[in-house]
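Same chain, two partners: subunit A is paired with subunit B first, then with subunit C.
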Partner chain A sequence: MAPALSLVSAAIAVYLLLPVLIIFPVSLTSDAFLTWPPDLASFRWFSAFFDNPAWAHALEKSIEIALPVTVLATVLGTAAALGHSYARHWRRSLQTLFVAPFIIPVLAYALGIYSVAGRVGLVASIWPIVIGQTMVTLPLVFLIVSSGLAGRDRDLPRAAASLGAPWPRVLWSVELPLVRNAILAGGLLSFAYSFDEIVIAYFLSTAGGGTLPVQMLSAANEAADPTIAAASIFVMGVAMTIGILAVAARTWLARTPQ
Partner chain B sequence: MGLLRVRQWASTRGGVGVRPGLLLLLPLIATLLFLVLPLAALVDRSVSDQGIGAAFDLLGDDLFVDALKRTLVLSLIVTFGCCVIGVPYTLAMVGARRSVGLVLLLILLSTFWISILVRTFGWVLLLQPAGALEQVLHKFGLVSGSLDLFQTTPAMYPAMVHVMLPFFILPVYASCLRLDTDLLRAGQSLGAKPLSVLRHVVLPHLRPAILAGASIVFMLSLGFFVTPLLLGGPDNLTVATLINRQFSELYDLGTAATMALFLLIVVLVLYLVIDRFVPLVQSGAPDT
Partner chain C sequence: MSVNATITGVSVKLGSVQALDRVSLTVEAGKFLALLGPSGSGKTTMLNVIGGFVQPDEGGVELDGRDMTGVPPHRRDIGMVFQSYALFPHMSVADNIGFPLRMRGVPRSERGPKIQEALALVGLAEHGPRSVLTLSGGQRQRVALARAVVFEPGMLLLDEPLAALDKQLRDSMQFELKALQNRVGITAVAVTHDQVEALTMADTVAVMNDGHVEQVGTPKDLYLRPETLFVATFLGEANLLPAIRGETVGFGRLGGDTVSGTAVIRPERLTLAQPPHVAGTGLEAEASVDEVTFQGARVRVRVRLKAQPDLVLVVAAPPLAAAQSLKPGDDVVIHADPEAMHVIPDVDAPAGVVTQGEHGELAPGAAVTSGPVQ
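On to the complex of A and B.
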């Protein structure tokens, strides 16, 4: 590969990693401020993060929301992908409809949900956030499961049907297992996305405190002490764990016979 | 039955017999109830609070027009930056030795996987007064005094490119993978130099994907919220942070809704226009 290209891509790689790497030393600072260079080797900010009830509450809330979002988005997204794969008409429109939330400005959508929630009296509940995040994650699951379906052997469901299986049985026993990798990937991605989602969670946050990203955002806007850095490392850790789980699950699933 | 018989059977019988309508019922209801309804509520809120056409009256508001101009410039620069940085990086991912390409891909995926908030916070640490960047530049004697980048619009550029880059690179990378290597070999066997092969074979093949990626980045940048919020200040509001101010600080849902509606209309129109020329969404053949 041309040396110029190697140099350029190395520089870009550094550019991509730098903002992420810089958070690590800052989280270990013993200073009370986000100074640079940090006065190293104190875990006080990690303790501050885990011991502080505000942060713990935020973490709870994040998980409380992410779990239903994962279930709903995966179920709806898989149904949409399967339905689309068998649809004979309106294919393009269906696909546009299911991918639309990705393009629509989340800000406008969040305000829309707020308007509805206000009228229905759901302002103090987590369900508007759950619903909003589900709809925004649905395109991801839809696309992942759709591409999983595109690669599958179409003769298998036909064979099952020709042997007399009714179509729901074909779906449940043949189609779904064929795409379980994609469904799993979609599920894990939904969880990660919901856990990190900020816009909907921010605009629909209740007086009782927001999710972890919302807490991080207000901390960044106001106090700005290194607890945010510790929180960021934690969030990265969660994301990495999910990523590793996804890879491990795929490897494990690929090994077990179908 | 043999495979051929299965396929014949399927086509005469009309397929596996799956009723797509039933499968699609739940997602469609969810989309109608939870996507269309809130957007309709947004329109309703704007119209009932400020009247029809309020979104267009906004163009007479200096503060809004100022934010709009800033947002458009920001989005254009970010899109351009993504193209300039993204294309070489993607080519490197595909053209390098396997291990190197894999490392580059992993680096990209790991930044994509890490939340936008965390990444933007990293940029805050880099760009803030007496932040890391300033101190490094001081050390090398490139800058004296304060860098004064924080809360300025240019501060947002590298941060937003950083956030948007994966959205650009992934479609382009997918397109690269679909490139028929036979075409490359044909070009080389005809005596073309690598640069020529690049210009006449690779880039034309990538053009739709590059345009699609750029369009996505542009549309996402218009409504983007987190990075302008953390790296900007009250003096350089974008449309998104202006809406935030109306809603969170001034508690004026009506104006916020109208501005959001404006944004929504712009993005929808853009999407419809771009979709005519660049396929943003691909549809395969149906199963039976």
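On to the complex of A and C.
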């Protein structure tokens, strides 16, 4: 039973990592086109990625968008989780509401914001993308912080109040420090999500001002050169680093008794 | 500065449950009141009303004559020890104790000595820099206590303060807590379901049941002169005998007393003798031994009255050889001190009719035990 289980797990892991296993060698090719099997041993396409102003600009754009998304999603998601943990009525409905952006197709958000942004004259800025991605990443933070809050001792905020702390102090000195790691994990994951997000970014970016994933998509349409592979390895590297950090933060959280 | 508390006609409805039903209580400054009752009796809700965590639907709380309606917990100047202790896990012991001082804007330089003083008060002078997560249950309890008194509040609330400790520690902490309360001179209200704890620590005990107060009194009053069957049976073991116009089954006439109701006598106030017996001055009844249990400090003997074999009484005999050698089936004579026979009059019943009163579940004539018995 156990060996069979390990075998299946290993197979699933390989299946999930297959794109990386293919794209990484491709990015190291010295050929001028995406080929398989690649002629290995060249960082040519990585330098192409970093030297090309279009790619550098896209990277800059991605970070420029991911940072406010992270801040907004973390603050709003944490506030939503805290509010939900204190709600006495409509708890289920509230939870469904906050998690809804996970279920509603992202396309709906992209199109909706597109039509509104046009009317209020925000099309040329990064803010429609920031707002859209914040909506979609908020559930992530909400769920992670909620699970952190669920494990806390309900008496702690009450104890703080009885000891003389008005509610803002209860929040700042007791509630938030208790779920610090969950908030950290939520923030990291929303950054990673925004960095990788394409649907909203594609719909709402201006000509020539796309984020990294958008730039990759258009580059792939024009010429399939291995810079795309190098770019995807870069995006993947960022995402994986953040993912590992988030997992580390959550493990740390799990070890801290509440 | 300890305060007195007056609770007037407090009613609280939690969902569809009437958690408190017009409860009135007073606590004198510097005194220790225990709210004693089974779970669901409303005692914790009462504590939460005093602390400001639950708003009463009716009635109110006054501290030193000041109406507390609408005053939030952080402005009530009340220290509270929670059942879970509720120590902040992300702070050291000293930071936990310093928290209420920090909230009151006490400068850092003054906080240190006060924290140290509070730590010394609970015997943990060396533990300031430690993380609360490394402390044992008993130490956490002390830190919670130190944190609740360090800012010299007018009142101390304790929610099942000893429930999470093991028995030995609990027993010694009862005395320690009482001594500390005395030394600090603070008004204290403690919630407990443990009658020994309540009797040991409190100056006054309020027995609560089903959202109302059954009886308020000194530990001695409650134990010796319970006003209701609930109080009689909740505080320790009680023998209940139906009494009709002063006449009890087996023991005959109670001196002078002609009320109808239920006579309560504690197992330790009954004595056993071997028949034939010399007629004494007290009340006596013939019985046969049903069960003998050696319990260390006493021998618990269960007997059935000859006059009414379905009436079971419990006698707590000193652990002497005579009691230890008793066997089921032995004939004995039970002596009862008339002084120790306390009659609870039937409330609703007309004189002369024995009913089960409002306590339908308690058949008079049964030996009832409730709660931990020492």
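Basically, the second predicted complex is superposed on the first by the 234 of 258 C-alpha atoms of A that agree within 3 Å, B and C clash if a C-alpha of one lies under 4 Å from a C-alpha of the other, contacts with A are read in each partner's own complex, and residues count from 1 in each chain.
Heads up, the rule we're going with is that a residue touches a chain if its C-beta (ideal position, glycine included) is under 8 Å from a C-beta of that chain, and two chains touch if they have at least 3 such contacts.
None of these values were measured; they are calculated from a predicted model.
Engineer: Between subunit B (first) and subunit C (second), which, if any, makes contact with A:A230: first, second, both or neither?
Structural biologist: neither
Engineer: Which of the two partners, first being subunit B and second being subunit C, lies in contact with A:R158: first, second, both, or neither?
Structural biologist: both
Engineer: Which partner does A:V106 reach: the first (subunit B), the second (subunit C), both, or neither?
Structural biologist: Touch status of A:V106: first partner only.
Engineer: When the two structures are laid over each other on chain A, which of subunit B and subunit C touches more residues of subunit A?
Structural biologist: It is B that touches the greater number of subunit A residues.
Engineer: Does the superposition put A:R169 against subunit B (first), subunit C (second), both, or neither?
Structural biologist: Once the two structures are laid over each other on A, A:R169 reaches subunit C alone.
Engineer: For A:P177, using the defined touch cut-off, is the partner it touches subunit B, subunit C, both, or neither? Pick first, second, both or neither.
Structural biologist: second
Engineer: Kindly classify A:L59 by the partners it touches after superposition: subunit B alone (first), subunit C alone (second), both, or neither?
Structural biologist: A:L59 sits against neither subunit B nor subunit C.
Engineer: What part of subunit A is shared between its subunit B contacts and its subunit C contacts?
Structural biologist: Residues 155, 158-162, 166 of subunit A touch both subunit B and subunit C.
Engineer: Mind listing the subunit A positions that touch subunit B in their complex?
Structural biologist: 1-2, 5-6, 8-9, 12-13, 15-23, 26, 34-37, 75-77, 79-80, 82-88, 91-92, 94-101, 103-109, 111-116, 119, 131-132, 134-135, 138, 149-150, 154-155, 157-162, 166-167, 170-171, 192, 195-196, 198-199, 203, 213, 216-217, 220-221, 228-229, 232, 235-236, 239-240, 243
Engineer: How about subunit B: which of its residues touch subunit A in the complex?
Structural biologist: 1, 3, 5-7, 9-10, 13, 15-24, 26-28, 30-31, 34-35, 37-42, 44-45, 85, 88-89, 91-93, 95-97, 100, 103-104, 107-108, 110-111, 113-126, 128, 130-132, 135, 158-159, 162, 165, 194, 216, 219-220, 222-223, 225-226, 229-230, 240, 243-244, 247-248, 253, 256-257, 260-261, 263-264, 267-268, 271, 281, 283-284, 286-288
Engineer: Which residues of subunit C touch subunit A in their complex?
Structural biologist: Per the touch definition, subunit C meets subunit A at residues 51-53, 72-80, 82-84, 86, 88-90, 99-100, 103-104, 133, 147-148, 151, 157.
Engineer: Over in the complex, which subunit A residues touch subunit C? Could you list them?
Structural biologist: Within the complex, subunit A touches subunit C at residues 153, 155-156, 158-166, 169, 173-174, 177-178, 180, 256-258.
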